[in-house]
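Just below sit the structures, each encoded as structure tokens.
The same chain A turns up in both complexes below, where it pairs with chain B and then with chain C.
What follows is the complex of A and B.
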């Protein structure tokens, strides 16, 4: 490559790099500095070492938020994956109006978190909600999400699955469509039952796509904020807080910037651990494909 | 054998119906309810036949004028974010497609890693800085934030799309004396249009719907529509469901139609972005 062409690249790369540096990289590094200092608005900071981390890691409120987040990630993301896998197989098995159905199941992707919360709050409203009415008519227990923490968590899980299912479904369905059909032909000729060809052909070949989609969803479920904030505000009595809501409360409600920064860095580290797994899988797939 | 076929088809039909109810019922329900007169929203069982009325929309107009200002803000912020993200991603995507070096490869991976940092982390240091720079509550800051969180995906996508344009085209243009900006504008942008649309679709859906950044960085002047809706949900005098549904319908319909029309680009983008890195 000629040096003149090298220099032509710089202005082309600059906008992306500048945006990422100024909005994400430098602020994130500054959060490290914040996390080792104690400060609130208008006061000069003083160095406190690991104190903020110790405070966060020994705070029962943080343990609760972390536990809620982990439960949501594990339960909601895996449930979502199971449904998406089932949907992909259903769509692949030959359906009438497949194109229209596909667009229909994509619809929740367009819905904002705010409107999603408005919808599901009404559907499950204990007094007037249609789903609650249906449950009462069937003599089933109601979801008392406004004051029963475990019920609120179920609500949050339903909402996140509803909002993110289209994404997971598209990834898995695209991967399923990419599988060569002669493999299934061969399996059929060898006398494999549909269940056998699912276990021996579909699952092993879809495995990498499932892992990539799962890691991606772990990373995004781990930062969950709006759904929880708008649905319960972390209440009742901070019982349904997730890590991002805990961070928000520390920073913007209690002005405890040090502990909030420590929480933020804990989030970055966990996200980066998950991300390194994600990037490792991507690179291996690219290498195998190429 | 025949009975088995019928059973399988019945099972599939049932599954499809469940899926449709799950995906569409909440959406159809709030849209239709926004046109129901007064108490009929709460009818048990829900009424599907009623005389449509614009009552809730009129109330919305009278009591929540701020919502329509929010729609305008959302539109400005969304267009700004999409334009910024598209231009930045196309330029960078071109470089990553046409040149390769160890340094470039590493920086592409770092783009993907950076994008995975949770947005709430950067609100912490940005909040005081944005305030000091006088950028709080402006369309500019929201557009920049939204674009930034999509330039990584945008760059990766544009790289995949530019890869499909033969290098000979830029080389021939370069021989004829075209400069790099001309090549980008006349050759790359038109031929990579599907990629540009895919990037724009992502940014538009995200920027139009986003809550967290709007919640932290705006208060009055640049307040977006989702933020106004969140205030309706949290309103102390109790939720006026009819008005809330009317506002939700107005906020939702444009982006819903957009996603349905653009579903091909969305799918191309999702699969390329999440699995090709």
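What follows is the complex of A and C.
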């Protein structure tokens, strides 16, 4: 593109660039600056170097929150992907009442997170929750999420999968619908079993969509907050705290803006590291496609 | 396309509409009162002042040609917003409500010193406002808030559930309370007691019943560690025997009301001012049957020491960067008047004025006013304010939960509190 033409386009692109600058770049730079200072209400910021990062990285509370986050992200995102893939294939194979079921699958995305968590809290209330009562009536073990940390983690994972399944499902289902049917015809003529068709045709062609969905979900899931905050508040005794809750407490309960800013940047770096494998695969796919 | 379109927007139409809109918006305030006072508070502060025909400030608003606009938030977000607003170059909020365990030497600088306003244009019978509450809002010698609400914790009980379990009177000692909660749970109709696990108030009440404390006004951490161990032992025993619900560790403050209203628990600790909500026939299954007393002391201390309940107080402040500080002071002066303190008390607000508790109009309407007054006379905050108070409270709650759920012995939990909280206290 000629330089003169590019300059002509600047006024058209400027609003978007300004928007990005004002809502992403400048706040990010400010948070970096803040992470190297100690600051609270009524106290001017003073430079402390890497102290905030050291403080956060050596805090056992942060280690626990980070471990919980990684476990929840890895378990919930992959389980969600498997369920979404299965459902997409099921929908594609032809189902009765497909439209109604489609609405039912998408419904959690239309429900406010706060309402959704309140609903699950009530359903699984250990004393009066309908699901807990049903489990008791069937002599099945209760999900004691308010007492047993491992049960609480399972409950958070189920809740986050339920909330975000529509996102993953829509991506996979749309990708599956786009696959040409003649490939399956060819596979059938060649004598491929349904399992072989799935392994040799469906999976390779759904690969890019699965990667994109996984990448987005990894990044979103790492910011996991409302499910934990509204369900357990990080309890019992901080055993289900995740990094976003840790950050919230530092910033808005303890008004310690330096450690909160350092936590935010550590969160960005760790989530990028966690997703780096998928980013690498995605780049390789894009390069191969080009 | 040259076809004429009835909805086509010409430049002239567009500019005319924009100019007209701006003129209309500029004229907008003339429909309302000429001045607006923005107040940042909890919803309870707004409702206690009455609304509509029962607005206690109706005459003041007319006399001052002022409209009062409340922005309300829950306690923690409210404090965060207030300090954030006060940290800006200028804030639209001229009055902010602050809870008494939040002001510190650092953040108190963000608020006006109100003594100068009081000297110039005094609040009616200022000495009548509880001196301890005024001291709580005096930071480094500067009075930064005028106390307006007290929330003194009492022990509520459902007399029907007690009677069904064979108790014809509420407990007079902590040991009796524990025995009653266990018996009621064993009876099977309700859980003995409901407590929220996200606030220090509840374990502090149990510790004080044994003569202990969390952090006293001299910033002494766990002045009697054995008393705190006894409190945690009692709570852990109650949890193990089902006298506290299995959901104890995730119960939040706002859930206590519904547990009591639905008869799911027989006892709870709540501010006396909640009596009206607990007995409201529209929302409570046990209206008129939920009574309150002062939290009982341990039998080992009965007659030897007074139980010191936890009281939380709210005060009105003026951010130093507020736009209309004089109008804000006029508002504070009006809200703090004897007349309005009584009016708010009749609406369920815990008064900050000592004399209000003795007003016949209040004692006739609120049977608990006298009990509350007695409990308040010896009450104090859960812990004093200091820079790391919120973090200290979180550690305290974490260790309490571990002990109550049986994951740590009370002795280990108390030892951990000492190790982890001591470095956070002011030197």
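Please note the rule applied: the second predicted complex is superposed on the first by the 249 of 290 C-alpha atoms of A that agree within 3 Å, B and C clash if a C-alpha of one lies under 4 Å from a C-alpha of the other, contacts with A are read in each partner's own complex, and residues count from 1 in each chain.
By definition in this document, a contact is a pair of C-beta atoms (placed from the backbone, for glycine too) under 8 Å apart; a residue touches a chain by one contact, two chains touch by 3 or more.
What you see is a predicted model; the values in this text were computed from it and never measured.
Asker: Based on the superposed arrangement, let me know which partner A:104 touches: chain B (first), chain C (second), both, or neither?
Answerer: It touches chain B, and chain C stays clear.
Asker: After the superposition on A, what does A:252 contact: first (chain B), second (chain C), both or neither?
Answerer: Both chain B and chain C are touched by A:252.
Asker: Going by the contact rule set out at the top, does A:128 touch chain B (first), chain C (second), both, or neither?
Answerer: Both partners, chain B and chain C.
Asker: With both structures superposed, pick whichever of chain B and chain C touches the larger number of chain A residues.
Answerer: B
Asker: Just checking: does A:67 make contact with chain B only, chain C only, both, or neither of them? Give me first, second, both or neither.
Answerer: In the superposition, A:67 contacts neither chain B nor chain C.
Asker: Based on the superposed arrangement, let me know which partner A:34 touches: chain B (first), chain C (second), both, or neither?
Answerer: First partner only, chain B.
Asker: Going by the contact rule set out at the top, does A:278 touch chain B (first), chain C (second), both, or neither?
Answerer: After superposition on chain A, A:278 lies in contact with chain B alone.
Asker: Identify the partner contact of A:50: answer first if only chain B is touched, second if only chain C is, both if each is, neither if none is.
Answerer: Neither chain B nor chain C is touched by A:50.
Asker: Pick one for A:238: touches chain B only (first), chain C only (second), both, or neither.
Answerer: second
Asker: Across the two complexes, what residues of chain A are contacted by chain B and by chain C?
Answerer: 41, 128, 252.
Asker: Which chain A residues qualify as touching chain B in the complex?
Answerer: Residues of chain A touching chain B: 1, 5, 8-9, 11-13, 15-17, 19-20, 23-25, 27-28, 30-31, 34, 41, 86-87, 90, 93, 95, 101-123, 128, 130, 133, 162, 165, 167, 170-171, 174-175, 209, 212-213, 216, 219, 222-223, 225-226, 230, 244, 247-248, 251-252, 257, 260-261, 264-265, 267-268, 271-272, 274-276, 278-279, 282-283, 285-286.
Asker: Quick check on the complex: what are the chain A residues that touch chain C?
Answerer: Answer in residue numbers: 40-43, 125-128, 144-147, 231-233, 235-238, 249, 252-256.
Asker: Which residues, counting only chain C, touch chain A once they are in their complex?
Answerer: These residues of chain C touch chain A: 76-77, 80, 83-84, 86-87, 104, 106-110, 191, 197-198, 245-252, 264, 387-388, 390-391, 394, 398-399, 401-402, 405, 407.
Asker: How about chain B: which of its residues touch chain A in the complex?
Answerer: Listed in rising order, the residues are 12, 15-16, 19-20, 22-24, 26-27, 29-30, 41-42, 44-46, 84, 87-89, 91-92, 94-95, 99, 101, 107, 109, 111-129, 144-145, 147-149, 151-152, 155, 180, 184, 205, 208-212, 216, 226-227, 229-230, 232-233, 241, 244-245, 248, 251-252, 255-256, 258-260, 263, 266-267, 270-271, 274-277.
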